[in-house]
Each structure stands twice: as C-alpha cells, then as structure tokens.
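What follows is a group of structures, each given as structure tokens.
You will see two complexes here that share chain A, one where it goes with chain B and one where it goes with chain C.
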Partner chain A sequence: MTNPLKKVKQIGADYKQLDEKDKKQFWVDGILNNALYILMALFVVYTASVKPNFLTLGSFANLITQVAAYLPMALGIAGCIVLTGTDLSAGRVAGLTAAVAGVLLQKTDFANKMFQNLPEVTIGWILVALLTVIAIGAFVGLVNGFFVAKFSLHPFIVTLSTQLITYGIILWFFGLNGNNGQPISGLDKAYKDFVGGELFRLGNVAIPMYVLYAAILVLVMWFIWNKTAFGKNMFAVGSNAEAAKVSGVNVFWTTVLVHTLAGAMYGYAGFVEGVRSGSVAASTGLNAECDAIAACVIGGVSFVGGTGSISGIILGVFVLRIIFVALTMLGVDSSSLYIIKGAIILCACALDMRKYLVKK
Partner chain B sequence: MEDNKTVITDDTQAEDKKQREFRGLYKNVKISVKTLDFIIVICIVVIVVLVALDLRNPGFTITFDSKGGTDVVPQNQMYGEMLEVPQPPTREGYVFTGWYLDHVCEELWEEDVDVIECDITLYAGWKEDDCAVDSGRVDTAK
Partner chain C sequence: MAKDVLLKMEGITKAFPGVKALDNVSLEVKAGTVHALMGENGAGKSTLMKCLFGIYAKDNGHIYLEGKEIDFKSSKEALDNGVAMVHQELNQALKRNVMDNIWLGRYPTIAGIAVNERKMREDTEAIFKELQIDVDVHRVMSTMPVSQRQMVEIAKAVSYNSKVIVFDEPTSSLTEEEVEHLFDIINMLRDKGVGIIYISHKMAEIKRISDEITIMRDGQWVATRPAAELEMNDIIRLMVGRELTNQFPPKTNKPGEVTLKVENLTGQYNQLKDVSFEAHKGEVLGIAGLDSSGRTETLESIFGIRTRKSGTITLDGKKCLNRNAGESIKNGFALLTEERRATGIFGVLSIKDNTVISSLKRHKRFGVYLSEKSQREDTQYYIDAMRTKTPSQDTKIRSLSGGNQQKVIIGRWLLTEPEVLLLDEPTRGIDVGAKYEIYQLILDLANKGKTVLMVSSEMPELLGVCDRIVVMSGGRVAGEVDARNTTQEEIMTLAAKYV
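Moving on to the complex of A and B:
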C-alpha cells in the first residue's frame, strides 16, 4: 500500500503546478469523485450534533458488528462484479442457509423443533452445520457460475433465476414437517454463543464472535485475491476475458470458482444472520444483495470489470453502514431509507463511470 | 497491505487505450462526464432533501411520563400506526400497570387496539407492590 502521507504531498506538489482553470477542475473532480464520502461526513457531523450518543464507544461497537455482519456477502459478490457480472441470488441464498442452519441447530427440547431426531448441539455438530450451509451456498454459486461460464449467459439472468428458485425452496422448506411457514426459532445456546458470544467489550456493548470470523474472512479473501494465481486470473478475466484466454487463463473454471466462492460466502452470511435476527423467517436475506452491491461499488469495485480491492470493499461497507446507522438514529423513516439506498446505488454507479471516463 | 488493481496484459493495454469505451456491465452505455456530474448532483440533492423532509416531518410524537419511574424514550409514529410498546419502566416498590391517556390513570391505552392520531403523552400507571409492602421496602410517595 502506498504511503498516504507521501501521496498527499505529491498531490499538493502537482496542484501548485496547475493553472487557474485546472485548479478549478481539480476541486470539481475532487468533490464529485468523493461525493458519497462527503455525504457520509455530513451525516456523521449532523447526527453527532443532534444525537450526542452517536459518537460514543457503544455506537462505534454497534457499527463494527454491523460491518462484520454485512462484509462476508460483499466480499463474495465483489468477485462476481470484478468479472463484470453481479449476483442477485445472494440474499436468498443467505436466507436459505440461515434456515438450514437454524433447523440443524434448534434446541433439543424446543417444542416446535422441526426435526426431532437431530443430534444434540455440540461444537462438532455446529461445525457440521456450518460446513453444510457453506456447501449449499457454494452449490448455488456453482450452478450460477456454470451457466454464466458455459453458455455466456448474462449473470443478471442466471442469478435472477436462481434467486427465484432459491426463494421457492425456502418457502417449501418452511412448510416441511408440519412447520407450515412458521419462523424457525428456539436456536440452541451453543450456536448463539458460537456466533454471537462475547469476544470482548467496547464500552457497554459486547463485540460478538462473528467480528473475529469476519476479520479472518478478510485475511483469507485478501490472500486469495492478491497472492494466488486464481485471484490474478479473476482480475485478468474481468479486465478482458478474450485476452485472458489467449494468455492461457482457464476462463471457464475461473468464472465457475468465483461464483462458487461467492456462494460459500453467502452460506456463511446466512449462518451468522440466523443468530443475529434471533429467528429465521422466509423473508430473511431479502434484498441483502442490494446493500452488498452498493458497498462494493462505493468501495471501488467497478462494473467495468477487473478492478477492485479488499480494502475498498471494507471501506464501502463502512461508509454504507455509517450512513444507515446515522439515518436510523436520526429517525429517518424506513420507506425513505429504500429511496436513499436506490439513490446511493445510482450515484455510486455514476461515480464509477465518471472515474473511468475522467481517467481516460 | 498491497491491493490488486486493474490487471491488464501488455498486449491489451495499447488496444484498450485506443478504443477506451466502457467495458463490462456498462458496455453499451453512451454518456458524457457532464451528464454523469448532473446525475451525481441530483442523487445527492435527492438524498439530502429526503432526509431533511423526514426530519421536518417525523410523524406524531408520543411522549411517556413515567411518573417517578425510569425514563422512557419518546417515539414518533405516523397517523394510524400502533404504538411500539416500549420496555416497561420500573419504580422501586411499585408494579407497572400500563400506559394511560390521563394523569389519574383511568383511561388505559390499549396497545393492540389504539392507534396514533395526534401528538400524545402517555402516563405510567403504578400500583403498590404488595410483596414490597410486606417486607417494608416501599416508601410513602406515589
């Protein structure tokens, strides 16, 4: 990573050499290219001034836990965006895996337990459940990747289709064994502790275990993206699939594996989401992919393809969460939040295109 | 931490510069920087205006007078919505009996039936905790 202080000094030196017109353009570019960061700063300052508890340690702890919960899906979907695609099935896959994890890890003595003959919840069984949901997520990703890679179908079409199919499976799953669509609750304490148990305290707020897991996932994904041939192939395919193919990259398997890896991340996201929500409903995970896509684009994972970084994704998730934590604290209505989310995505895409054109 | 940036092979770089149009998902997009600037500004304005409107009109305010009990945070609800039942307040030596529309606690706010139609203040109803009286813990204030 380049030294930020050195970079600022370099920009300052370059700025001095600009004429008046270019200086004006420098500021216009600076303001527009960082519009979402400026917006975030505005919200932070305003919220802090009217809600003093916004800038407390507890509030910061709440932000960290939210980032840790939303990050895995963003890390997964980012790979699909690097390949100039996207994944609309992410939220539903997380919903399905949350339901499966919930059912596998219900309390043994819970009255509404969906499957009575499951073993007692031990650490071993929790790991089995975790691997199962990751495998389910990876399988849906594999299907997505196969259709995208084999038939060059647009990921929008393929993942929209798997989104609907997955939702159908979720509804069917919730109706199994006399459950008749009831939310899956009564999660075992061992499962809750494994995911949401206290890692340490920040102020009065407990930081849950899944913050640690998210940090591990970041390291793993950073390694995959930056230090493996697979990661480099992913960027090469995203930049120019034809050129990558000529250079000897296996475009088919790279595409399949990127989607499979993304699916595995959604599987993990669902595993965490069940505990975070306390129970799992058929609507769990609904539209979660929108947040993940928005975070990626804000963080510089471009729809142009072949561009993106793990640090950018983390920054994108942070920015989006800070904005929504601030707006929620201010009491902005949930209906307005949807409009704001849409405007942020549109703005992020416009910024993405602008940066690309200006660089030209 | 060194991050991956665009990885383009040398062969394609020259070609890419020559015909630097949008790739990927924006492949068929024809748009100028000026138009994009306009879209960005409009989006930001929409977001700010929406937040400002929301803050100016947060709905009806429901305040809670806990009458000596622990504080309860006020709420804002739109017309016709139901009250989000807050965590009951506590008061040493008393048992909480519900929220009332009047100070003398005669007209109970029915959480499952009543809806918000204007700004209101709800008053906490308390009755002496018999157990506390028996053990001599309760004071005389009410």
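Moving on to the complex of A and C:
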C-alpha cells in the first residue's frame, strides 16, 4: 500500500496544478463526498460541548453494545444491497426468530410457559435453539433468493411479500396454545446469560457477550466477502449480472445464497433481540431493516451494486448509533428522531449516488 | 429536371476519443427524390444521421434545410422542423396504442387540459387513409407485428409534415409483400416532394428505389452518383475500395488438423439455421457478415448463453454440451463478447477482480480460501504480458481506456486456459495502436495451437488476421473463403446472399 504521507503530498502537488474553477470543484467534491463524516464530527463536538458526559468511557461502552446489536442485520442486508437489491423482510424475520427462540428458552417454572414439555434449558439446548432460529431465517432468505433469481423479480417485491407472510406467521404463532397474542416473557436465565452475560467491564458498564459474537460474525463475513469465490461472485453479479453470466458465474446460486446468508443473519439478530428487550412481542423487529439499510448506505454499500466493504458497514452502524445516542442525550423526542432518521437516509443516498453519476 | 436541394450537409466532422468517425462529409438531398446512403458497417452512416438529429454534436460543418442553416439539439427539435427518422430499432411506447404513439408529446387538447381523443382519431385515420395503411388506431403497439409498427412510425413522420424522412434499414424485418407496400409509401412520399434518405445494405432494393446514391467509407465521403449510373459491382468496389497497408503483424501461425466441429447449429429464439463449419488447431477462423447476419448468435450459441434448438459441438472428438458459460469454460471455450460495457467489464470492480473472476478455482486453498498472493500474481502476469496501461491492480476498470479494458478481459479468458477462443469484435472501439497489439496476441495464441474464432465487421481486419473466413448471411452460412486469395468484393457478395 502507498504511504499515506506521500499520497497527501501528491494530492497537494496535483492541487497546485488546478485552475481556480477546478480548485473550487476540488473542495466541493471533497466536502460532499465526506459530508456525512464531517457532519458527524461537528455533531459529536457540539453534543460533547453541551453534554460533557457524552465523551465518557461509559457512553462509549454503551455505544459499542448498541453497535453489536444492530450490526448482524446490517451485515446480512448488505449482501442484498451489493446485488442492487434490498430486503424488507429482515425486521419481521428477526421478530419471528426472536419469538421462536423465546418460546424454546422460557423458564421451566414460568407460569405462562407456552409449551410445557420442552427440555430443561442447558447450553446444549440453547445451541439447538440458536441453530433452529438461524435455520428459520435462512429458510425465509432462501425463499427470497429463489424468487428473485428464478423469476427475475425485484427483491423489493419479493421481500415485501415475505415480510407480510412472516408477519402473518408471527401473529399465528403468538396465538398458539391459548397465548392470545401475549408477549413472550420469562426467558430462562441461562439464555439471558448466554447472550447478555458480562464479557468484561469498560469503566463501570458491563459489555455483554453478544459483542463477542458480533465480532466473530464480522470476521466470518469479512472472510466470506473477501476471501471466497462466493464473495467474488457476489460482487461480480452486483456489478454486472450479464457479464457475470458470460464469465461463468452461476448467477442463480449466487443470488440465492446471498439472500439465504442474509436470512441466517436475521435469525441470529432475533435470537439476541429477545434477550435485549427482555420479552418478545408481535411487534419485535418492526422496521429494523430500515436502520440496517441506512447503516449500509451510510457506510458506502451503494444501491448502484457491486460496491461495499465490511469495514464500511461497521462504520455506517457506528455513525447511525452515535447520532442516536447523542440525540437521545440531547433530549430530542422520538417524533423528531424519526424525522432526523429519514433526513439522514435521504442525504446519505443522494450523496452516495453523486459519486457514481457520470459527469457530463 | 433540376430539383431543389432540400437538405444540405456540408463538411461534417465528428471525432470520438481515438477515432475520427466523420471526416468532412457532405450530403445533398433534393426534394422529391430518394437518396440512398451506403457504406460498410462503421462507415459513418449512422453517425452522420445522429449529427443531423443532434444526438451527437458535430465538431465542424454546416447543415442547411431549405437554404436556412439549422443545428438541431434533439430529434424532437428536428421533428418539429420537418426532419424525421424511421429507426431500424423502433423506439416506441409498446404498452400504448397507435394514436398515443403518433401524438405523444403534442396531444391535441380541448381548452388546453383534456386530450381531444376525437381529433386525434380523425387525424390519425386521415393519415392512414392517405398512406393506405390498414391498422386499427386503438390497437396496442406490442400486439402488432414489426412491419405495422414501422408503418405507424412512418405515419408519425408524415403527421409532422416532414420535408425530409430518413429510413434506416427499414426492410430488415419485413417480408417481401411488406417491402412492396413500404416502397409504395416511399414512392407516394417522393411524389409529394419529400426528400428521402434511405440507408440500406441491400443492393437490389437500392437500385430499385433510389434516385441518387452516396457512398461512404471509413467516415469519409466517397462518391455521389445518380443510381442509374451505378452497377452493383461499382457500389461494392466503392464501399470497400481501400488498400491494405501493413496494419497487421506478419502471419506466422500454421493451422494443423481439425479440432472444432460445429454441426447444424440452429437457434431456438433467433434466426440461426443449420450453421456448420470446422476449425483447425492453430487457426484463426474469421466469421464475416453484415450486422444481424447471425455472427454473434453463432458464437454465443457455441458458448451456451443462447438457446440452441439443435446442433452439435465437437472439440477434439469429444461432444461438448456447453449448456451454460460455466460448462463451456470447463470444456475449454472462452468468449469475448461484443458489448464490452454491457457483458464484459465489471465497471466498479478492480482490475484484479475483473481478471480473476473466471478462474477463481486456480486460487483456491483448503477448498474455500482464495489466495490473495496468487490472484495478484496472475493479474500482474497479464498486465505485463498485455502491456495494459493501469496505475495499479486496484484501479477500477471503468477508468481505463477501451483498449486496456479489452486487454484485461482477454487476460481473464486466457487464465481459464481455453482451447477455443471465441472473439466477438475484439477490436471494436479500440484505437489503432492497441488494435495491432490485439492482432499480434491473436496470432500468438494461434501459434500456441489454440483455435481462434473471430467475428468482425471490419473486412480488412479479417483478411489481415484470419486463415479462412466463414461468411454468414441471414442466419446461415453463405460460404467459406480462403483469406489469402479472396477479395472484399467476394465476401460482400456472399454476405448479401440470403438478405
């Protein structure tokens, strides 16, 4: 890799060659291409000056915990975006798997336990539950991928449909065994510890286990994206599906697998979400895909297709979380939060698209 | 009888990066005549028309319509001023009906708000009556055959009271009867004093319909003569008549025994019919023909990305099914596609990723892991071997020139270690220097015992690089010639055999 200092010097030398108008364009491009990061920096500085405890170890620990919770879904959905698609079913799939995991892992002596005859919650049973929900997520992803690849349907349509279908299944599930739509609570302590137990302390805030799991997922996904033929094929299909076909890439299987992998990620996300919120309701996971998509776009996984990196996704999730943590600290109410969220996504997409438009 | 000059194009010049597409071309179209515009593929006919309609901005030259200088910025502006074009590829709103397509963008209205359906219908019917077109004005375009859609396009041109109408290969998808009807309409328009520019490859038609013929070659004006004075052979000679200079590397390859046999290739969804030929080891076999004569379809059918109805492919005595690209690659085939941008490059990916995508197997370690080092080695090998000009392996391929992109993609295919290379227009959109390098590369490959099939619209290129040339026409093999002792005239005649 090139020496960064050298690179800066080179840019400086190039800059001197430019005429007045081009110099102006250089700054405009520079600012717009990095606008989100510049805005975020200004925002952090502002928040820190108003609320000094924003820049404490505790709030950093809180930030990391939130990032670890939101990251898996973003890692999954990013693959769909690389293929120029999207996935609207993500949130509902996580909701379903949170419910399934919750039911499988309720306390043995819990009064409202939905299924009485389940085995005792041991580490083995927890892993069975984890694999089950990952399989459920992967199955929905498989269906998504199959319809996208086989019938050349736009993922928007396919995943909108599976989103509705999944929600229907969730509602049906919550009505089983006379549950009558009640939230699933009374999660077993072993399950809670497995997901949310203390990994280590940062300052005086406990870092939960799922931060470790998120780190492992990041490594696995980085490997898949960068070091496997499947990853290379995914980028090729996203960049130019026709050319990929000619080059001997199996476009069908690549598309199916990307969606299946994404589904598995949502399955895992649901597994964690249940513990995080203490109980699972039918509305768990609602609109979670919006945050995930926004994080991907902010992190440079473009809807243009064929671009994006794992580090970008992490950065995107971080940016989005920092903004929310800060806004919450500043006491912004939830209605304004939604407006700001929408505005950020809009700006991020517009700024991102700007990089890919051919200048005439 | 001297007729008024209606449209005059003078000294039109247009350059694209690396290519001078039009060089000082002039064209005069008289009122009430049919003026044929002829030339090989890539002679500059379409570019000239695009300059007229403002699709391309001309670099130099003037255009006069009825003595007044014009400079259209769009085809819409041209239409409004009475210059219309009936495109080869009909560009219509297929889901809408006939009337909508004719009046789109200028609907007659009632009080400026509601569309005046009745006026629209009456006007359309009046035009159809005049042109003797029998089409229901309410019919949806997509339900109509191409010939009728073309009639609608002509009616649209007439509805603008066009003074000049350009027909671009209008008969390419018409039956003989439909051609007759088209000619009746063209004659009718001519009698009304419309100036007609008629672009076609079909000699017989040109002789029948046109009053004057202008011939172009390599972006230059060659001749304008009354049609009566030109015989078919004269036209061909004028179209191809350029000298071969040493723009090709010396031919050193020695073709060996037959290795590839293609038998009775017939397309399921295209016009390919009973295409059979053989190719030898170490041979460069050219495939010539006009646009849409089935050349590309032949290569793509062999490679398995177009559906075959029947036909067999045999390589070294082994039958190859080649049902998809992956299988063809395994069987030792490689296809360089014609549309580099659409089906060749991965624009936003790096040179490295573009190079290794078809040969990822080579880099696999422990079954899944792809070695970065070996990918970089392969990429660097082909950057060096092809002398690809790129700042680094990580540069996005779309920022390279066409010639360098082509080298990267050729490298991609060579890494699959193919026995048969199918090259579709390998030098299209590439500057002269890079062309020479690609010719050299093709000959080197033949020297190494590979079989190369090369489709090209540039005849000198085929004559300069190939050993034999299969000439296609109308989806069939029209003949086969020895590249050393054939002439462009002979190929041209074969290419027109089944059109």
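The criterion applied here is as follows: the second predicted complex is superposed on the first by the 346 of 360 C-alpha atoms of A that agree within 3 Å, B and C clash if a C-alpha of one lies under 4 Å from a C-alpha of the other, contacts with A are read in each partner's own complex, and residues count from 1 in each chain.
The rule is short, and it goes like this: a residue touches a chain if its C-beta (ideal position, glycine included) is under 8 Å from a C-beta of that chain, and two chains touch if they have at least 3 such contacts.
Since this is a predicted model, take the numbers as computed values, not measurements.
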Between chain B and chain C, whom does A:Lys189 touch in the aligned arrangement: first, second, both, or neither? neither
Which partner does A:Ile339 reach: the first (chain B), the second (chain C), both, or neither? first
A:Ala229 in the overlay: touching chain B, chain C, both, or neither? Say first, second, both or neither. second
Please work out whether A:Ala243 is in contact with chain B alone, chain C alone, both, or neither, and reply first, second, both or neither. both
Looking at the overlay, what does A:Arg201 touch: chain B (first), chain C (second), both, or neither? neither
Of chain B and chain C, the chain that contacts the larger number of chain A residues: B
A:Ile310 contacts which: chain B (first), chain C (second), both, neither? first
Give one of first, second, both or neither to describe whether A:Gly331 is in contact with chain B, with chain C, with both, or with none. first
Looking at chain A, which of its residues have contacts with both chain B and chain C? 232, 235-236, 239-240, 243-244, 246-247, 304-307, 356
Chain B residues touching chain A in their complex are 1-9, 11-12, 16, 20, 22-26, 29, 31-33, 36-37, 39-41, 43-44, 46-48, 50-51, 53-55, 58-59, 76, 78
Sort out for me which residues of chain A touch chain B in the complex. 1, 28, 32, 35, 39, 42-43, 84-86, 222, 225-226, 231-232, 235-236, 238-240, 243-244, 246-247, 302-312, 327, 330-333, 336, 339-340, 343-344, 346-347, 350-351, 353-354, 356-358, 360
Flag every residue of chain C that touches chain A in the complex, lowest number first. 303, 305, 324-326, 328-329, 335, 337, 342-349, 353, 356-358, 360-361, 364, 368-370, 372, 412, 416
Residue set of chain A touching chain C in the complex reads 223, 227-229, 232-233, 235-236, 239-240, 242-250, 304-307, 356
